[in-house]
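What follows is a set of notes on a single structure, which appears directly below.
As written, the chains take the letters A, B, C and D, and residue 1 is the first residue of each chain.
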């Protein structure tokens, strides 16, 4: 039973309730109901396929934020073995919104880092809803530097609405922490694979995203600004978030189309939380393949390749061509 | 006129008061007093020479802590030109107990860092009495690393009772901050000259003291623990601080004798605050000489030399020899 | 007219005191200070590069004014030119992105929100970039990211120090992820420049926030701020909404950032050129 | 008897379960836990390496017990031996320094407050050092500093990871500045070892403070702490005197340090050997 129903899932939920009623009538002895049950089941399936095959960007954002969606630690547990969590930035605090440690991916020793949301309200308070403070980014950087020292590939999990917008975060240099991660990740001489498993919110997500391969789950999103933030700035109206989500091109398929990410991992109909083990299996395959591919490279090739990868991102044209085209 | 008289200076101060009285009588017209004045002046001079030529370690500690003693910024002003202060650790705060920045020493571009005490109560509160928090050590490290990048020699001024013993300092990793400075300073490939101008209290002082040349002013002290702390542990009696000061061998002359520092800069009778310009002049000479000597070395020579210098410090003997000797 | 010509034009003019007046459109002899409300003499205001002579308020400067202020007359040569933004997402709000960019071009006379070039500061050769907040809030899209990256790469090749002057609201949302990744791209370029041993001095002006502060603007060896400039990752309004409480007075000002260890010094506009020049001296190896 | 012989003696003994009992001086079948006050079976207490089976209290372990606990039986070879401390300052309090050292030797049977050597942890070769708090408060004088330095230098030459186990009140004041400078000396040695790409794992035990925490003990790649161990630069009494206020509950415990980002993990004694072994696996390059 799903605990949480998104708005656009309600039609299915309603039919499912009806189906439940029919089934109870059937088991209570009411005859001639089997055909009706069969029909309803087919209808439900049709509706589900219809809804989930035509998700709008905003609907995907909602799935990406679904409270039952698997979190970083769920994937670490399902995909890796021998995880040893390492804590602390050695400067100010341990940030529970950011986790990391050693783990083995199909026997390959690796370092995992990632933002971590809670599974319930209590956990979410502890994890600050997966929004790191500067100490979280500094912990991640410490662990990635340790991976670099030990020639371990890095797998980073992205699932955050963004860096936390608070007074303490500003006091302790949120911007400098993110910038330092961006600069340093570009220089690390080990493979870096980033995977966006849910929300990829702005600079706070990118601070784990400078990678050799970037994977996205089908219903994750990656955006320069939250749809709500964009709507509030451009339309002065948060309710325009669905439109903003559309315009921002933040879905996995769109980003793949633009060549900004490498691979999209399919999710089961309805989202990753409907069959977490299946998603973990496919994600593992993709991670293993990516790590294998990059582990054959020399440190120099990795660093040059990663630089070239970022260097190439940009949508612009020569001024002359533009002028000619507009004539 | 001195504002502040140490206990052991009182006999001189009393004679000086008497002298003042006599001079007033004289100027008031009282005859036949000139001889007496001359005699008293001679007596005072004799007494001063006697006291200041036979200072106990504890008396030197008191001079090192004298409120009128020149501070780091006073020496920077007197010795260097074109000082540009740089602030902040880029992590948590700017620590006013630690200062630093670019400056020129006799036209040589350099980086200066140092602990900074206040000149009065208000300043001392702002400067936390010259006792740094972790952010102070991290600021100093940032500036020293910047000096390393730019091939600038480092001059560090030590004048602190020690790293600040407070809750926030512990929370933010006082020990780790000091340790990181010790390790990193050993690796910097530029000349480092440390000068102890007053108090050199324990690890908090040493965190600026890993150097190629270590200078001490005559009445500064450098100690593994404060005399009061030592007395409180060993005799359970703070009043035993003078004895502890004796035992700890913390004075400049003693440390020179043991080969633990390189040069002692003489101070005028009574301490550096009696003639700051004179002390600054002599200190400048010593600094210029030290910087010149080390600037001719390659980065490799500097790092190896600094390592060897520390590596050689230790008072021990072979167990066999010791056994033979005790037979 | 390209910027280089614009500045080249001044080459043989009298320099020093009088050069600011070149930028004045004399639409009035007096003007009212935005901060203290006092009426000040226009020429005086412009001569001080828009610092109020009564209260010291630092009014915003455009990119060309910044160049005139900091770079020796006649030495500026624009580089990293010749590219213009596309509209990769076909982004439409009230206006299309293309219209937004065209309006910004018309308003500012600039091709984009950043101007990059080589030049001299009191005779010292530097690579220089300056952002203009009046161009779509100084936001960083693909073109800004590319130009900044090219400048750092050029400076790395030429072994020149970089001086950047930022005023930006952050990433340019109309380019979506293309904008976001410019943060990584420019930061990586700063890293390569730093690896050559060259230095980088960043001047933060009102306001510098978001994706620009969280990338190249924060990665300098030495960070200088203009008095009272707003400097922060998340804008104060968003924080206030999240925290549901009033922000402390002076939050995210340059002075606040100095206290919290995020910038090295605050330097009034009148002293910036001299101070930056001295900093370059200290961070450039003497040719022996 | 040198330590190597002491451990060599056990080489052919039965290992595993029984080995702790080698260390037991069976002065009673029962003993009272220092923490919970419960009476516990002595053998059980020793079998758990002095962890109370009732409350989990970790009683102090001596250097030899630590070696027995963490290092594979028969693999430990002491190195950096053969030096003893002098009394460079002719230091006298109630007892002379020489008398203090002699008393510590007699009490502990150790030559100094640290034992260094090579050994294996679950078959993985390491360089190992362990401090003994019962030797003058585990304080670091010239001999401790020299031995620690030699160990890191040896490990750097041999390309071995280092595992250190600390319990120390800090620098040894009776050697004055000689002691203080050991902080710099050992830290420099850690730096050289790190430069070879080898890893360093530090286990902090109750208590680790002062000059040892502020030098090599804090410079590890990975820092592990024992539950409830006191860890801090300045001792709590001194801070209380300075602050003139009660310290918060749990201040300077391992748990406090974990929360404040200063240690990676807290590992109970029962799991330490296995955890450290796994950490060594992760930080040692597979020979391909």
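As a working rule, a contact is a pair of C-beta atoms (placed from the backbone, for glycine too) under 8 Å apart; a residue touches a chain by one contact, two chains touch by 3 or more.
The model shown is predicted, which means the values in this text are computed figures rather than measured ones.
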**Chain at maximum distance from subunit A, centres defined as averaged CA atoms** = B
**Between the pairs A-D and B-D, the one where more C-beta pairs touch** = B-D
**subunit C and subunit D: spacing of chain centres that average the CA atoms, whole Å** = 54
**Asked** Between subunit A and subunit B, what's the gap in Å when you average each chain's C-alpha atoms?
**Response** 55
**Asked** What is the distance in Å between the mean C-alpha positions of subunit A and subunit D?
**Response** 43
**Request:** State, to the nearest whole Å, the distance from the C-alpha centre of subunit B to the C-alpha centre of subunit D.
**Result:** 34
**Item:** Two or more partner chains touched - positions in subunit B
**Value:** 90-92, 171-173, 176
**Complete:** So subunit C residues touching two or more other chains come to 194, 260-262
**Request:** Select the category (line, ring, star, complete, other) that matches the graph of chains linked by touching.
**Result:** other
**Item:** Interchain pairs in contact, sorted by label
**Value:** A-B, A-C, A-D, B-C, B-D
**Item:** subunit A partner contacts - residues on subunit D that touch it in the complex
**Value:** 194, 197, 199, 221-222, 258-265, 275, 278-279, 281-286
**Asked** Along subunit B, where are the residues that touch subunit A in the complex?
**Response** 90-92, 134, 138, 171-173, 176
**Complete:** The residues of subunit B that touch subunit D in their complex are 163, 165-167, 169-176, 178-180, 182-187, 202-203, 206, 209-210, 222-225, 229-230, 233-235, 247-250, 255, 258, 260, 306-307, 310-311, 313-320, 322
**Asked** Within the complex, which stretch of subunit D touches subunit B?
**Response** 81-89, 91-94, 111, 141-143, 145-146, 149, 171-173, 175-185, 187-188, 190-192, 195, 210-211, 213-219, 232-234, 238-239, 242-243, 247-248, 251-252, 260-262
**Item:** Sites on subunit B touched by subunit C in the complex
**Value:** 82, 84-95, 102, 109, 135, 139, 146, 149-152
